[in-house]
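Both complexes shown next keep chain A, but they swap its partner, so chain B is in the first and chain C is in the second.
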Partner chain A sequence: MTGLRGLLGAPPIVVTAGVEVLAAALEAQGVDVHRTDWRPPEPGTAAALAVVASDPDVAGANATAVARMTGVRPHLVSVATAREVIPGMTGDTLLHAGPPLEWRDASGPMRGAIMGALLYEGIAASPEEAATLAASGRIELSPCHHHMAAGPMAGVVSPSMPVAVVEDGGRTAYATLNEGLGNVLRYGAYGPEVIERLRWMEQVLAPVVASALRITGPVDLRAITAQALQMGDDGHNRNRAGTSLFLRTLGAALVADDATPASRRAEVFRFIDGNDHFMLNLVMAAGKLAADAASGVAGSSLVTAMARNGTEFGIRLSGTGDRWFTAPAPTVDGLYLGTFTAEDANPDIGDSAITETVGLGGFAMAASPAIVGFVGGTAAGAVRRTLEMYEITLTEHPVYRIPFLESRGTPTGIDATLVVRTRIRPQINTGIAGKEPGVGMVGAGLVEAPMACFVAAVRALAGSRRR
Partner chain B sequence: MIEWVEVRRGAYHDSVRLMQATATVQALPGIEDAVVAMATPLNLGLLEGAGFSPDSVAGVGPDDLVVAVRAVDRDTAERARRTLDEALSSSSRPAEAMSPPPPRTIGRAVADARLALISVPGEHAFVEAMDALRHGAHVMVFSDNVPVSQEAALKEAAADAGVLVMGPDCGTAIVNGIGLGFANVVPPGPVGIVGAAGTGIQQICCLLADAGVGVRHALGTGGRDLSAQVGGASTLAALAVLDEDPDTEVIVVVSKPPALDVAGVVAAAAAACRTPTVVTYLGTPGATLEAAALQALGLLGSTAPEWPAWPVGAGDHRPGSILGLFSGGSLRTEAAAIAATALGSISEVEEGNGHRLVDLGADRYTVGRAHPMIDQSIRIDRLEAAARDVSVGVILLDVVLGRGAHPDPGAELAPVVAHAVGAGAAVVVSLCGTDGDPQGRSRQAAGLCEAGAAVYACNAAATRAAVALVEAVPA
Partner chain C sequence: MTGLRGLLGAPPIVVTAGVEVLAAALEAQGVDVHRTDWRPPEPGTAAALAVVASDPDVAGANATAVARMTGVRPHLVSVATAREVIPGMTGDTLLHAGPPLEWRDASGPMRGAIMGALLYEGIAASPEEAATLAASGRIELSPCHHHMAAGPMAGVVSPSMPVAVVEDGGRTAYATLNEGLGNVLRYGAYGPEVIERLRWMEQVLAPVVASALRITGPVDLRAITAQALQMGDDGHNRNRAGTSLFLRTLGAALVADDATPASRRAEVFRFIDGNDHFMLNLVMAAGKLAADAASGVAGSSLVTAMARNGTEFGIRLSGTGDRWFTAPAPTVDGLYLGTFTAEDANPDIGDSAITETVGLGGFAMAASPAIVGFVGGTAAGAVRRTLEMYEITLTEHPVYRIPFLESRGTPTGIDATLVVRTRIRPQINTGIAGKEPGVGMVGAGLVEAPMACFVAAVRALAGSRRR
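Right after this comes the complex of A and B.
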């Protein structure tokens, strides 16, 4: 009972939640009052939140899980062929973004990307044949997230595609190489120029980069990303600085590597230089590595995946294992390219929200005033959104820092219970795909993760912990 | 005359702010009636009582805000809407574009605070309180309607963390002279109080203050602390910490009667204290707040003064039963014990026409509404009904002053009191407060007296006066 020392002499600092007059009455007595802007949680979640709050192991589980997430040091070690390195990848497998999906539920851009991948692999000879084949069920569709991979937009990975191999000790994660903007497979385009580019990436880009990496040795992606945030990237919708830094890292090796003709090396240099999003896929593989390291901690309410397949938005929690909690994919609020309008937009799509899952993208928007015009916001709004994300995250990233916020670490590690309690939804910066197959990118903007996923996840976590 | 009814889904404001906003709108010229409240069943009942159709708010829930206004014309209603929007947004501090948004949870806000004061709706209080406990902060849970199983879990977690949980439903505490919740302004002094009874603590503080004796610490425990389920965890912890405090010379423990086996544990702990300790269980024979204060004064060697009173000249009043409309649960319990000795059975429910002493601060009256010590509208409603009810001869009211309470309760009650007196009822007021309180006890007493009420600083004395009035003019 002597543990209560300190109560009677407590310094006059009181934290309050609720009735304002009670806080004001304390202030009138000279007390330093820390107010909360408390709001009721999502309707129907009070019981589940109470179960999780009463569980003495949750705080420790969350600390463990998020420390694993921020402790990962991802290195790009090589470029390899998907079929040869990705676990569970067969000649008939196509990986896709988001939670599990069947062809009949697939959106336009997802269908377009699947058709394009079948054309690229030579499994189908025409788009019509590809669609028929995909609908037949003879092609196995499986989420990237189930194979230690993450894919932007449609996120389709086919067996012959080259993939970046990212490692930290015994852990590995994969992502395809980024195709650039415009008519590209990941936005659902499958025309001849798309297939031709994919072949060039397989035959020229991949071997040249792989060879250069043998000279450079493993490339520290976390260090590049941390630098890129200092230079105005968010790591999701703006990767110009990160791509430049990556190319600089590779530069001397590209020049020195006379195993390939100089003209090929120049093509590769020009391709990466001309594609500001080249770094995105590498950041995503690094993010997947960090998120997977944090998964599987019993009792933890840490979000380890946020992913969209163009039809559904899904999340996973560390403490609920491989289970997905899904809701219909929301529409993106954004700006449109050329004459495209919201009418042309597909619902939210892609595994790229893995960046937000590990403290980048929308969570690092305050680092990236340059993207706010692109996604239709204001600089002040970008800062406000990042600051809000601290309300729903477990920690501040030890390496990813925001210069404008006095180098404060980015808000990292979404706690699903805090999302439900505060009703603040995770902020995602993203591109917008056209809803018709073959159209490609139509815009970019901001979207918030749907609340229903978090409500279902918190209820499931509570169900697993109820004594 | 037009009616404007609007539902704002998911728009949460605390009940006190809504009460203030309602008052602001009602004060506008041309406004006949206005209700701005969260759509709890209780508040929807009030809405219907005010003549608004329940159809207009079909399908709303307790997380939705309902606005109902009856105005002379459309322009007035529009003015009311603007005034309301301003009132509901005015106290949110001006947001600097780049400044961090205010924290939304106790876990974010707690930082270096050693104490958390939680007054969110009861079903959400547990989660916020656990946040504070996990950060090693002491907690006062002002909220009521918290399940007892959650109370037990909170107190178990508090014991592990070595901190104290005051409450749930803890209305009053004083820590090192700082009043939390409803607390009277009293000088610091040698008495320490451990109370499961909010207005019980307040009454003892005020009576001691009238005797010139101060209170430095008054630690609330919540009304169910001495139940079998909770086992007196907070009472025992608070007793121990006061016993160790060198400035505390006498300890007073005040509560409703405990569960049988808990009584033994508390008695043993009190007996083991080095500090002289008075234990009072309201509702057991002879146990009153007044007696507890007198015992404490006795232990200090102080003499009891004559409790201040502001009687009215003897006048006629109509025959009938006694109706007590209390905001303080402990004040009601003390009054019921005293009245029952003289009058026999006393009912605690509103219904019926015998002698009734009702606690309008009980959980069922505060779902989605501020406590009647802040929002007097339920009491005013019941007072008006009592004035019309000729079976009521004497109305006994408590008026509780102090920090956190209504800024000028007497001014709001006086017209209704005058109306009841005019209708032939006698009105007796138990005025719990000090002259140091923001409302000023003497000023409150003068206003209520002028309205025709007899006013007593001691709740027991007020009850004895009310009983004497009933006995003087039997039904």
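Right after this comes the complex of A and C.
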């Protein structure tokens, strides 16, 4: 708050926590009072919070976990075919966003993306055949998060898709390459132009980028993201700067790489230049790498995943390992494209909340005032929400910094006990998919993670700590 | 201020103008008081201000002039050789930054740049010979501003140098291409690596960019600059976003242009990628185009040039045409590179204050909180200074907007009478040249335009209006 107060040349302020009579009395004396949003903890969590609070190992476990999260140095090393690199991926597997899901529970955009993937793979010849096949149970649906991957929106990864391979020493994570906005598979569209674009990505984009990466060597995604936050990105729904910097990194190789035809390299340059979200998927793979590095620390209440499958919202904690804690996916408060309205919107969907999980996206919106043109709200509100996220996080990111807050690190590492205790829910900014299969993107907006996930997670963590 | 106050959830504030007893009384009653910096006008200007204020044509003249300024749509159309395109440029002409200057009055970096240009042109064989020749008067020194050009720092343009050609319909402006930071000609360095780089720029950079521009067609510099302000640029000392967007615009042509060798195109891509100031010179040519469009409106107190030759700071007004109003160049308050200190600094130098003249640079710093790492100060201070510049400007720019100020247009079009009346001087952010010839860049910082220029200009304008 120093910067903001300094801006107005105001004296120090008094912060009151909940006790309105005190605030009113101070104001009557001419004191500048800042009311915080303090409330009692979420009902039914007092016992679990007491267990965690009295556990002498939790603070250390959280410090260990969040240090692992912020210490990861993700590099894009190559682009490869999903079935050849992703562990546990067979020719009959489709990965999807969010916690585990059956076809019968899948929302419209998830169904549309699964149908599109089966068309793209040539496993089904028509949308109807694809839907029948998916409903038959002969296709294995498995969360991206179970395969060291993260997928935006529907997040469907099929065996032939090219994926970015992101590494930090021995650890690896994966994400598909971004298709652009509008009628794209990840928003549930599956028309011929969607399938055609996916084929072009497989046959042109992937080999050209892979070849260029052999010239550039590993691309430091953390450095690009840190710079991009200085340039108005949040790393989730605004990636114009990150995409620009990535293209600068790749550009000279694209100019000079005689291993691929110049016309295809120019096509690839134009495709990435035409898609300011290109960097998102790389940030997500980097985020997955950081979150996985932080997982499995006994006693830690650090959130290591927030992910939505379009039906349910799920989270994981470091101290409870691979277990998901889910609640119905919320609806998004957003801006709609063209003639679409909230009536057309699917509930919240996608693994992209991995960005918020690692201190970007909704947590970094104070770095990204221009994002409000895409997701709604005001620049002042974006700053206010970032300030609020410091209340529920364990640290400030050492390299992701917010220039307007005098280079303060982004609020990083959600502590589930702080969410339950303060009742401040993590803010996510996100795209909005049409609820019917085949429609695609209808808007973008803001959403808060459901409290029920955090309540269940904190209770489970407490259960694991009782002796 | 709405956004900032809204951020803190504070009630409306009382603004007091100068009368301290009132402010103190209000504060004693618990009212949040915002003291403005009101002062009486600059001494000795009351009569001139009265003449201008009572002139019924001035407001209309200013509206006309500033509308011309903001209405210009600059496009980069080509790169050409200075002597072939710049009007009035002969083989014996060197252009320089700022108001008119003789060699005997030239500062160290200006002398260094002139000497370097004579070495680069092959007119002199040694620095000593170059200095002797320049002192002899056989080389014509002429301000860039007299030739539809603008040059950063020393601003020296010699006949063989490639220049960007920026147009809007029938009007044209020029600027050299940016050499990068450090030991470069424009900062007064003239060592072998400086001359070699200039030759490379002439023989490789210029033809490759010119050829790529034939593929892309005219590049809309206004659109790039508007986007860059959404991405943390100020358009003067932070141009990382603008440079990125320019490279994106040019990139596909650089990949595919078989009219020039791929190895040279890759060199050019790497050169621009390695120089985040590349966009500055293009913004300056665009600014010169806008400022010239606004000049020559009888009665207008709009500032159409602020420029420094390293010895003097000069301004021009629309209503007084080509006349310069000068004062000694001020010193810059800055951050120094390596072991350099304020002792090593030359006074303020360069035509780059054309950016502030058209609503960018120091006027747009609220868009660019990260710039404080380069020029010093705080992000909060950068916002405060932008807010102050609204007090001395005629309009808010229609397309250059500041996301953090809820997309308010940048303060644009300095009214010299407002400067004199409020005693708020235009803020400029700038590089700092070493005061000795040959040294190069020593730092970057902030400076305010000297009040004496504005006093003289307002008096002259009043003189032109008396009947």
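Definition applied: the second predicted complex is superposed on the first by the 429 of 467 C-alpha atoms of A that agree within 3 Å, B and C clash if a C-alpha of one lies under 4 Å from a C-alpha of the other, contacts with A are read in each partner's own complex, and residues count from 1 in each chain.
Convention: contacts are C-beta pairs under 8 Å (C-beta built on N, C-alpha and C of every residue); 3 or more make two chains touch, one makes a residue touch a chain.
All figures in this text were calculated on a predicted structure; none of them were measured in a lab.
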item: Partner chain in contact with A:E406 - chain B first, chain C second, else both or neither; value: second
item: Partner chain in contact with A:S54 - chain B first, chain C second, else both or neither; value: first
item: Which of chain B and chain C A:A380 touches, first, second, both or neither; value: both
item: Which superposed partner A:E343 touches (first chain B, second chain C, both, neither); value: neither
item: Which of chain B and chain C A:A46 touches, first, second, both or neither; value: first
item: Which of chain B and chain C A:S244 touches, first, second, both or neither; value: second
item: Partner chain(s) touched by A:A252 [first = chain B, second = chain C, both, neither]; value: second
item: Contacts of A:R265 with chain B and chain C, given as first, second, both or neither; value: second
item: Those residues of chain A which chain B touches in one complex and chain C touches in the other; value: 3-10, 28-29, 31, 34-35, 380, 383-384
item: Complex interface listing, chain C residues touching chain A; value: 3-10, 27-32, 34-35, 227, 230-232, 240-241, 244-245, 247-248, 251-252, 254-256, 258, 262-263, 265-266, 269-270, 273, 369-370, 372-373, 378-380, 383-384, 403-407
item: Interface residues, chain B side, partner chain A - complex; value: 12, 14-17, 61, 63, 91-92, 97-98, 100-121, 123-124, 126-128, 130-132, 134, 137-138, 142-143, 150, 153, 157, 160-164, 175-176, 178-181, 216-217, 236-237, 240-242, 244-245, 370, 374, 403-404
item: Touching residues (chain side chain A, partner chain B) in the complex; value: 1-23, 25-26, 28-29, 31, 34-41, 43, 46, 49-50, 53-54, 56, 59, 380, 383-384, 387-388, 390-391, 418, 421-422, 424
